[in-house]
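Several structures are given next for inspection.
Each of the two complexes below includes chain A, the first together with chain B, the second together with chain C.
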Partner chain A sequence: MREQLTERMASQWHPIAAISDLHKRHVFQTELLGHELAVWRADDGYVNVWENRCLHRGSRLSLGINDGAELVCAYHGWRYSSRTAGCTYIPAHPSDAPAQTVCNRVYPVSLKYGLVWAALDQPENTPDIGLPETAEPLVLRSLLVGGSVEAVKGHLEIAEFALPPRVDEAGAEFELEAHPSNPLCYLNFSTDDSVSVRFILQPFDGARTVVHGLYGPALEDGSRLPVLRHYNTLLTKFREAFESENMVLAEQSGEGFDSPTSVGRNFDSVVAVEVEAEVSKRWEVASGVVGMELRPVEGEFSTFQPGAHLDLHLPNGLTRQYSVINGPGEQGYFQIGIKLEEESRGGSLFLHQEVQEGDRLRISGPHNNFGLRRDVPRTVLLAGGIGVTPLVAMAQSLHRSDLDFSLDYFVQSKEHVAFEERLDGLGAHLQIHTGLSPDETIQIVKEKLGAYDYLSQVYCCGPPPMISAIREQALILGWPPETVHYEYFENQTVLNDESIFQVHLARSGLTLDVESGRTILEVLRENGISLPSSCEQGACGTCEVAVLDGVPFHQDVYLNEAEHESGNRIMTCVSRSHSEQLVLDI
Partner chain B sequence: MIKLYDYELSVNCYKVRLLLNFLLVPHKLHSIDFFPGWEHKSEWFREINPLGHIPVIDDEGFLLRDSNAILIYLAAKYDQSCRWYPVHEPSRLGEVSQWMMFSEGTTNTASAARLHDSLGYEFDIEACREGAHKLFRVLDEHLWFQEQNGSSWLCSGDDPTLADLVIFPDVILSEEGGISRVGYPAIRRWADRFRHLPDFSLMAGVLPT
Partner chain C sequence: MVEKRCEDPVIRDLWHPVAAVPDVVDRGPIRTQLLGETLTVQSKEGGDICVTEEAVQGTGASVDGVSLTPTLPTLQKFGFVWTSLGSPPDSLFDIPEFQESDRWYENSGSFRVHTSAGRAVENFLDLAHFPFVHEGYLGERPYTEVKDYSVATKEGEIWANGCEFYQPIAAVSATEGQVTQYSYRLAHPFCPLLYKTSPLNRERFDVIGIFVQPMTEERACAHQFLCLLDESNDDATIKRFQAVIFGQDKPILENQVPKRLPLEPRAETPIRADKTSIQYRRWLYDLGISYGVVRGSSPEQISVT
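== the complex of A and B ==
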């Protein structure tokens, strides 16, 4: 009996809070059928209902900080993005993007009649308590009562709730009646039907129930308070009578419903391979740059972190990488900027000329090999032209977290400034430099970098010669290589694929021949070893593998000189071997 | 300079530290080995406070004990704006006093439960918790209707007062005594607002928000 009821209730909508309970930057705490919930509204208005548990050590997220876009666990600072509940940052691993599988459990949510409704399993319909869709009733003060939902139901059925004196002097129906299609909703009407009151029960856990109340029609400002007081007094009396009879105070909770079995890792939302996306918006961002907003055709996109990029798999067979420019908590769609390359081989040209709003594209990712540290006192962001895209996402993230940073954006002319609407919000952190020569540019870069300070980090993205010049300057100014982060959009190295060598795979025990004209990645895939890849030209870092023995012949631009010299990592899409054999950790 | 005989984990000492920091009054802390040393019961400390309680302040030779008394003294002397203890507004002063009396109750229930659980005090823990919940219900109801009236704090007016300051520590540390605040949404929001005040100070167990 209990089990059936619980099962039925799991896929029903239940009120869990008043919308007005969700104050700005607050985390509301409640339970539904024994599941602890953290409920919070992002600054963009989105209401998140999550399992109240950090995936790290299980601390309650309701103790954490709502920063308006992300929820930060109070204990060790893990950050989770609004909407997806995916982890965006783990302070103990500041340079690494968290795995896509680190994703909290999210519950279905609906906002209706001034209440936040949630369910354990997705219900088929919308919350129904017999009110017109557009009704905006007065939300009464809800009370937590120390009794199971069945016990409270039993007492409500025999309760007599008078309407407020002035409303119905002629006398009203004092008795409550259950709603025909929702057994957890009780109705009370005035004799002339002009006023209706609804009490809806939230099954909190096996021994506690929250009584929510709605009063309709809506009232003028001045006449609300007496009604709120009236029902608060009635419900308080109801609770006192109920609890004294049942000898409990609300706190004595306990058994009844089974404890939740899952610690909410939500693998469903993880996008592993290619998915279909629709171009929901397309607009001119700057001279020669088109902005595109992509939305999933089905399901949800996975969580991105600042610096992440997508692969666009075009119908003409080409694959191109574009950085996500979204700010923190901006999930559910991705925005990218596409510059028309003068020497386009069919990637940007196709996107510019052929793709319109409403068209569909296949995408994969997001991948993040350009991770942003969010724990340092000073971050220098240096952008050249369209290289600004990953840095736009980073700047918005740092700005939201109140971390000190500067973004210097070098462009040909004012007309080439992209994503101004996002940049405008950065205030004094942003400086735009137009029409500078390479020498003038590097002069400003020098000033911005200055001598290296402990914990400072620099991130740069732009044309390859600019990145190389910045890296050189940073080195001269004493910046350690691990503090200089960069992302090349392309690898301009002239690739040599002549050598012949073997790769031995330490884990699977296979030994494979790599002939001239073939890449390690291709050979691995032909032999059934799946390895993620993205740009396949040695720029993005996705196909990296650890090297256990042998001397790699590096041809990528992802690893820095020190990393190349250490010889313990390799980009399998372009790099080869100087030694006869390479032993790889796969 | 004011000297505060202090113990980091004491709610009553925290109340005094909160106000000293809000008012930016220079002070130094004399840490008492309350647990496990029971230094507040030592012979030398009983000469300062025969009751053997902390906090005690020493303001250039003027000794004062009992957190509520200390707070009133500090507010009257150092708060030029009379914001925390509105001595010139009789009705608000009455409200502040009413809630300061109420805080005796929260300290003797919620904070007593915390002493039982964390420092092994022999109290009737069930009675402490039940008593705290009864008071929290009153507090939550009051704060909920304050919000409906557009007011953020326990007393009327736009600013927090000593009423909020003395009840806040008992409330925010209640979970250390096994008293959950899940059923008190208005209390939880008020505790957020209090922690967002400029010059608010933390103590062990109080998390920023």
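== the complex of A and C ==
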């Protein structure tokens, strides 16, 4: 019986806070059916309802910092993006992009009638308490009552509440009626229906319940206070009467519902598959550059990090890569910039000529080979032409942090400046240089870099001759190569054939090639073999597979030396092979 | 809340610290908890210290008003009183530096924390939190990288070597920021030690450690000690420094969910920087410890389906 009720309540909307509880940059903490929640509003208004627990070491996220776009865990500074709860940055490993599996649990959320509603499992409908969609009732002060939701229900059913002063029938007491379709909502009407009050119960945990109240119709500023006072008094009296009768002790809280002990993530493969995206916006960004905004046709896009790119799989068979220009926390869509290449072989030409708003494209990613380190006090960003796109994302991210940075953007002319509206926000960090010769450009680069000071790094992206010149200058000025990060706008990865090896799968009989730059795990997934994984860093042991033959080249930290030596197990996310072939027990 | 009796034979057989010797001598009997049992630690005539288990109601006999309660095995080492609820080994691990004559040794405080002993130990082994939890002391943003280090098992102990971290004030005696070199040593499941570059002599190491007393499954007491080459600082300054550091960790430790340490590797998400903690959790699992932890399914049982 209890189980059934719990199960039913799990897939039902419950109010968990008043929207006005979510102050700017605050993290609100509450519970629903014994699950701790961290609730926070991003600066763009999006309300996030997450499990209140960082998946790394179990720290409550409500201790963390809401920076307006991301939530930063207090223990190790891991950053999680608004909307997806995907990890965007792990400070202990500044050069690694976190795996897509590193994602906290998010709960369904709905904002309605001034309240934040959430559910453990996705409900089929929207929150229903018999109010018109557009109603804007007065949100009463919520009250935590020390009793289970069933016990509180039992008392509300026999309670009689008076209507507030100034309502015609003031003083008369009215019974509460349960809402016909929502057993956790109680109604209180005046006889003439001019006033309706709703009390909605939030099952906090097995021994605590929050009573939320809504009063309609909406009231003028001056007349709210007496109504709020009236109901605060009524509910406080209700709580006192209830608790003195129930003698429920605070220590018993938590009983009745199982507290979640696992993080509740899906450890099965999060494969970077192709998804369908719709072109929701298309606009002229600059001379010869088209901007596109892509939104997922279904579900949500994966979490991106500054510097990440998307693969666009065009109907003509070509695949093209474009950097995501979004700022931190901008997760519902991706924006990219496409320059019409003079010698287009059908990629940019197709996108410019054939693709319109409302069209659909297949995309995969985001991938990140150009991750932004944030463990250096000063970052110099150098952009040439359309190479500005990944640096736009980086600049927006740095602008939100305490780190110093500058963006120098070299373009042919003012008409070629792309994404001006985003760049404008950077203020004095941005300098645009137009119409410079290569020599003049390098002169500015030299001044910008200066002699290496042990406190700086540089990221550059643009035409290959420009990148080569910057790298050369940096070397002359004493910058160590590991501080000079670059991405050629034309991305041509050369495969190193020497590190190719084969995996033979003993159970399915498949033999697969693992090329340089690919992992065994990736190759297995591409061939339809689903393997659970979690950290994808060789640290958690989730993607372990038994080795039947061959010599593994271990690169994990999960197995100990003896296990490495025995060579009979391998972490497929990072380890490779010394022998030409590995035989795996899958 | 009634604590259920600890049935874990492995943890019952270990030596556990229960009090600092000077506290017992100067302040008289100390009542404390170990594995859910209430103990009294008191000094006897002749300088010995005895630990008795509080009689379970109704079972303790008394003679002339003095209750006869079981006396537990006791030893004194590193300035602390150690005891065991089971059959402990003959001796406790050694810290060779403890014998060096030019060192200054101090019990720098016993701090209670509302979490499991395992969580407290793991926090002590963790480098990555320095710039976030101990900013301005043991770490400073943006210097957040944890460089690769090595972890090895040596004679039944876990050692992590070659750890490096940039620290603005590594110790009281530090006058400027330094890249501090660390080695960690797990000499006992609840006794992590760290060896770090001395600000006074970069060739030698200061030894700092905590001996964690599992009071209940979800409460612990961390007894700190320092074995330093530092001569210039007085007692109070060093104690205050250690208290500040622990005070920064305490709210973090008390807000980890669950409080018991999960041993199942998939229960949380470790990264390469957590190498020591990965091996620590596997060690506790292999030792068969079940008290104060969430064992989950065996790491070996996670199979590919």
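The rule is short, and it goes like this: the second predicted complex is superposed on the first by the 469 of 586 C-alpha atoms of A that agree within 3 Å, B and C clash if a C-alpha of one lies under 4 Å from a C-alpha of the other, contacts with A are read in each partner's own complex, and residues count from 1 in each chain.
To be clear about the criterion, contacts are C-beta pairs under 8 Å (C-beta built on N, C-alpha and C of every residue); 3 or more make two chains touch, one makes a residue touch a chain.
None of these values were measured; they are calculated from a predicted model.
Between chain B and chain C, C touches the greater number of residues of chain A.
In the superposition on chain A, contact of A:539 is made with chain C only, not with chain B. Once the two complexes are overlaid on the shared chain, A:74 sits against chain B and chain C alike.
By the document's definition of touching, both partners, chain B and chain C, reach A:63. Contacts of A:94 after superposition: chain C is touched, whereas chain B is not reached.
In the superposed model, A:334 makes contact with neither chain B nor chain C. Once the two complexes are laid over each other on the shared chain, residue contacts for A:232 go to chain B alone; chain C is not touched. When both complexes are overlaid on chain A, the residue A:55 reaches chain C alone and has no touch with chain B.
Shared-chain residue A:403: touches chain C; no touch with chain B.
When the two complexes are laid over each other on chain A, chain A has residues 63, 74, 251 in contact with both chain B and chain C. Those residues of chain B that touch chain A in the shared complex are 129-130, 133-134, 141, 144-145, 148-149, 179-183, 185, 188-189, 192, 207-209. The touching residues of chain A, when paired with chain C in their complex, are 36, 52-53, 55-60, 63, 74-77, 90-94, 102, 251, 259, 261-263, 267, 374-377, 402-403, 531-532, 534-535, 537-542, 544-545, 557-558, 560-561, 586.
Considering their complex, residues 1, 122, 127-129, 131-133, 141-146, 151-153, 251-252, 255-258, 262, 265-275, 278-279, 282, 294, 299, 302, 304 of chain C touch chain A.
Those residues of chain A lying in contact with chain B across their complex are 17, 21, 23, 25-26, 28-31, 63, 65, 74, 141, 144, 208, 224-225, 228-229, 232, 236, 249-251.
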